[in-house]
Structure formats: structure tokens, C-alpha cells
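Two complexes are shown next, each including subunit A; its partner changes from subunit B in the first to subunit C in the second.
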Partner chain A sequence: MRNGPVERRIRRRSVHRSRSTAVTVSLTVLALVAAWVGTESVLRALGRGPLLADPQTVVDVALRPDATATTIAEVGAAALVVVGVVLVVLALGPGRRHRSAVEHHRGAVVVDTRIIATTAANAARTAAGVPEANASATARGRSTEVRVVPLSGVPVDEAAVREAVRDRLSSLDERFGRRVRVRVAEKGTLA
Partner chain B sequence: MTAGPDVPGHVEVTARALTSLARAVAAERLGAPVGRVRVGLGDASGALALDITGPITAGDDVVGRGTRIAAEVRDRVGELTGRRVGSAHIELTGLVRERESRTR
Partner chain C sequence: MTKSNRTLNRVILLVLGLLAVLVGLTVGAGALPAVRDALRPTVTFPRSVDVPASSLWIVAGVCAVVVVLALAWAVTRGGGGTAIAVRERAGEDAVTVNVALVRDVVEHELAGAHDVVGTRVDTYLVRRQRAARIRVAVRRGGDAVTVLDAVDRAVAVLDRTLGRQVPVLVHLTGGTRSALARAGRVR
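Then we have the complex of A and B:
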């Protein structure tokens, strides 16, 4: 894998989701609140009336100990908690997309997860000798799960299927073949 | 079923072909005309399951022969298709008389 800074950056950007939307939205909200507080402060310092509402008055109203104000404050707090949790998850989570970077001697190569799954299913199909519809696979990150429905009366060699899938995936990139799970259905189909 | 790793492509046997084959084998062993024998194929935990319905040639010990024929059909179908046959159920629906089958 070529490890030039450009390739590394492209790989990272392709495999991980961009956080720019979340950042843009939260910074815009922050800027609006700051502008409001700043404007009202200047207006108050000049001895003029508030443009929208005086921040101090807003807080006083919100904290007034009557039923409606308390409910509104609680709902607002709950909404802020949810927004906060979402933002923390977006910030700290890996934000992976359904793609994987692949080893290649030039440039950055990224493979869609569905391609890995289809490749695995195809290898399993050939190894088990079942019709195309009887083999399916899902890939997630580095692990791949293959499901094979055998033909009635033709036993499927689970180990051979696993080996074939591992071989085929390793030719794509040796890391993909490391975690392969094969599940053979108990009930077969006729053809 | 694949033909083997060194031969490109693969051979698929349809369910209809399997059914016709099992039907022919069952009719032959029962001594009944193919048209009067019905075979249903199923799956018994990964193995082929045969469900045969048809008449048997008249004679003594019909039940004993039926049982033997079930085993024979099972072995023969497994031999011809190369598949593991788990079970063969025979449901006898009548008798075929020698004379009747000859005038056919």
C-alpha cells in the first residue's frame, strides 16, 4: 500500500463518513446564539431597548416556578440532551461507510462491502456446488458471513467452503479472509 | 452439482428431473405403469426424502414386498442421482394384476 499523505487521506475520506454537516449545523447554531447575546449586551450597555428579547428576561421567565414554564424548561432540556448525545456519537463514533480500503501498489483503492460479499458468496457457491440462489453472504468491516443452503442429499463440506471463501477473499486483500463464518442450512432444497 | 474442479461450468439437475427419475424407478420396482405412480420429493434434514404413492403387482406378502421395494428404490435413486436419500415412504393404493398389465 502506498502511504503517501494524499493516498492516506483519500482512503480515510472514502471509508469514513464526513462530519462536516454536523459541524456546520452546530457551529451555525452557536454563532446565532452568540450574536444574539452580543447584540443584546451592546444594546443594553447603550441604554436602548432589546432588539428581540433581553437574555436575562428570557432566563427569568424560563425559571419562573409555575407549571407551564417548568414543563417548557424540561422539554427544552430533554431536547438538548438528545442533541448532545447525537453530537457526541457523531464525534466519537468511527463513522464507517460500507467500504473497505484495499492493498494496492499504486493509488488508493476502495472496495464496496457488497463486492466483498458477492465475491464470498460466489466462492462458496462454487465450492459447495449449489445453485447461485443457494449461497449468500454479508460482509461487515473485516468479517464475512456466508450462508449456504445445500441441495437435498448432497452434503456440504463446511471446512472446504470456508477455505475456498478465505482463499478468494485473500486474493482481494489478505485481511478480508481472516474472519470468515460459514453457516450451512439444515434443510436443503431440491434444485 | 458441480462436475468437478477441473471442468468449467456446472451441471444442475432440476427438481422435475429428479421426480421423473424417482417415479420411473419406483414404477419399475413396483411393477406398475408409470402413469399410476406418483412421487413427491422432499428434504429430511439435508437428505432426499421420497414419498411414493402407487399400486403394486398382485402376489402374496404385499406388505413385505412393499418394504423391500422402498429400500430398493431408495438405494437405486441414490445410486443414479449421486445424492444421499434419507427415507422412502411407500403408500400402496392398489394391485396390478399380471393379466391387466399384459393387455395394456
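Then we have the complex of A and C:
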């Protein structure tokens, strides 16, 4: 692709999800926890009463936990582990959105997977000569599956439909046209 | 499109996630009586620990730093959007083109286009260059190829209007408006 670095950058950032929301939420939670711990420490140092529990009590309970403290610790620990695993998955996962970058001569072009499916269904409908409701498609990555329900008594040429879908998707981007499956329903519908 | 640093975001999430898992596992295991009994021969827990007053201030200071850093990072996410699509300087003078012009040109060119139900245009400052993002909502059952051709023509008109080729991102999308739009009946 012969786009400038700016267009390459915005296309890449459009296809992949931003983690800003996750980062903001987790950092806000971290800030709240830190603020609470800090406040308790200061209150204790000044000799005032605690908000929830002062540090000395927490240390004492941690060293000799009773039944309630154990339950609370277990539930909190389980929640922490679950949250941690979610964050690690968010950090290391590819974070791709349901979009694909498309080769184009001007500008960076990104197309939603749903729109690729819609385009395939549109081409199949035109080739098969059926109403819009009788053709549907799903796209996943580079492969597309088209389902056509023929009108009763009017046969649908599966090869012609596949060729039409392939042509249409290839004119969008040649990579999309490579894996196309066409399924023609056994039973037709009335026009 | 925003200017937030995505690698650092991932690093922060990874560090926080690993920290949460580690703390969770330690607390969870440490609170179990069975684990405590198993550890008794190797690790001796003190019966009680006095929290010294000086450590309280250290803890408070560390917490304050963590709060400031976390909030500073959280507040500075996003950004990078701008209202100025083009800025041209000549000596003392400067000419700026507002997004509204870009928006008007693109929306006007795409208004009657086949299978297009809506257009949204905004501009961003990316690596000190101004780039436009054109989001085009395609009708359900529509054809992306003809829409992309129409967008190409609109971008060509935009290039002629501005007298230069600004970097653009074209995003063909569905969205609620295209889900509600009626299918075209008569051709």
C-alpha cells in the first residue's frame, strides 16, 4: 500500500481497539484504593479514628484471621484474580475490531465486516435475480459465505452467483474474493 | 485516531493485571487455614507486628504519588481532535480551513449517493499533520463498491477545493441509522 505514514497509522489504529477505557477505569480504581490506604495511614499517624479500619487492625487481622476475615479475604482475592486475568487478556490480545483495511489508491480505507457481507449479499442477489430478503451473507476475516433462497420454479446458477460475488468483492479488495462459499437453499419461496 | 500511546496503555494493563493476579493469589492462599498450617514448619509468622508511625507517612506519601500518577494518565487519554482541517502559513499571515468546510463538501457530494444513509466527518492532528476521518454509513443490503466510488469522487472534489491532498481515513460502517433505513425498492 503506498499511503503516507499518517494514513498507515490511522488505518492501523482504526482496525485495532484502543485500551483507553480499560486503562482509565483500572487506574481510577487504583487511585481510589491508594487514596483510601493513604487516608487511613494519615488518620492513624495523627491519632484520629479510622474510616473503615486502621492499618494496625488490618495487620493484626491478617496475622490471625477469624472466620469472617477469611471469607472476606477469599472473596476479594477471587475477584482480584478474575479482574487481573481480564486485564492481562486485554493487554496481550490482538484487540482487532470487526473491520478490515482495504487497498486503495487514495486515502486509508477501512470497511466493517458487516458491510463486506452486505456487499456480497448484494452481488449474489443481483446475479441470482432474487429479492433482497432472499440473499444473505456472513463474512469472517477473509472468507465469505452467501446463502441464497431461490424463487420457486426459478433455478439459481450457483457457479454464476459465486463468480459474481467473487468479482464484486475483488473490486473492493482482491483478498476478499478468494474464499467465497455459496449455499443455495433446497426449498424456494413464492415471489 | 486519538494520540494516546497504545503500547504504554497495553503495558499498564499488563502490569496492573499481573499485580492483581499476584496479590489475589497471595491473599487468597494466605487466608486459607490449610495453607497456613502447611507453611508453619518453614515460615514463622510473628504473633503481632506493631505498625511504626514513620512507615505510616511513607505509605501515605507513596499512595499520594500513585493517586497523582494514575489520575494524570487517566485524564490525558483521548485528545487529538481538532477543528482546523488545514493551516497554511505565509510569513506573518496564516490561513486556516475549518472542519465545517470539509464536512459540507463531503456531505454535499455524498448526499444523493446510492446506498449512503449518513456521513460524519471530523479532523485529527496525527503526528503533527492534520487528517480527516470520513465515516460513511452504508444502507443495509447496500453495495460497498459503489459507495467507495462515490466517496472517491467526493474526496477528489475535496482535494480540488482545498488545493491539496490531506490524509483521509474512509470508514464504511453500518450503525443504527443503516439498520433502520428502508431497503431500496424501485431501481
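The rule we apply is simple: the second predicted complex is superposed on the first by the 153 of 191 C-alpha atoms of A that agree within 3 Å, B and C clash if a C-alpha of one lies under 4 Å from a C-alpha of the other, contacts with A are read in each partner's own complex, and residues count from 1 in each chain.
Assume a residue touches a chain if its C-beta (ideal position, glycine included) is under 8 Å from a C-beta of that chain, and two chains touch if they have at least 3 such contacts.
A quick note: this is a predicted structure, and the numbers were derived from the prediction, not measured.
Touch criterion met: A:Gly188 reaches subunit B, while subunit C stays clear of it. Counting residues of subunit A touched by each partner, subunit B versus subunit C, the larger count belongs to C.
Of the two partner chains placed around the shared chain by superposition, subunit C is the only one that A:Arg44 touches, whereas subunit B remains out of contact.
Look at A:Pro155: by the touch rule set out above, it reaches subunit B but stays clear of subunit C. Contacts of A:Leu87 after superposition on the shared chain: subunit C is touched, whereas subunit B is not.
When the two complexes are overlaid on their common chain A, residue A:Val59 makes contact with subunit C while staying clear of subunit B.
By the touch criterion defined above, A:Val15 lies against neither subunit B nor subunit C after alignment on the C-alpha atoms of chain A.
After overlaying the two complexes on the shared chain, residue contacts for A:Arg168 are found with subunit C alone; subunit B is out of touch. Residue overlap on subunit A between its contacts with subunit B in one complex and with subunit C in the other: absent.
Listing the residues of subunit B that touch subunit A in their complex gives 1-2, 10, 12-15, 18, 41-43, 45-49, 78, 81-86. By the touch rule above, subunit A contacts subunit C in their complex via residues 3-7, 9-11, 13-14, 16, 18-20, 22-24, 26-28, 30-31, 34-35, 37-38, 41-42, 44-45, 55-56, 59-60, 62-65, 69-70, 73-74, 76-81, 83-92, 99, 102, 104, 106-112, 114-116, 118-119, 121-123, 125, 132, 168, 171-172. The residues of subunit C lying in touch with subunit A in their complex are 1-2, 4, 6, 9-14, 16-28, 30-33, 45-51, 53, 56-57, 59-60, 62-64, 66-67, 70-71, 73-74, 77-78, 124, 126-127, 129, 131, 133, 138, 140-145, 148, 152, 155-156, 165, 167-174, 183.
Those residues of subunit A whose C-beta lies close enough to touch subunit B in the complex are 126, 129, 131, 150-155, 186-191.
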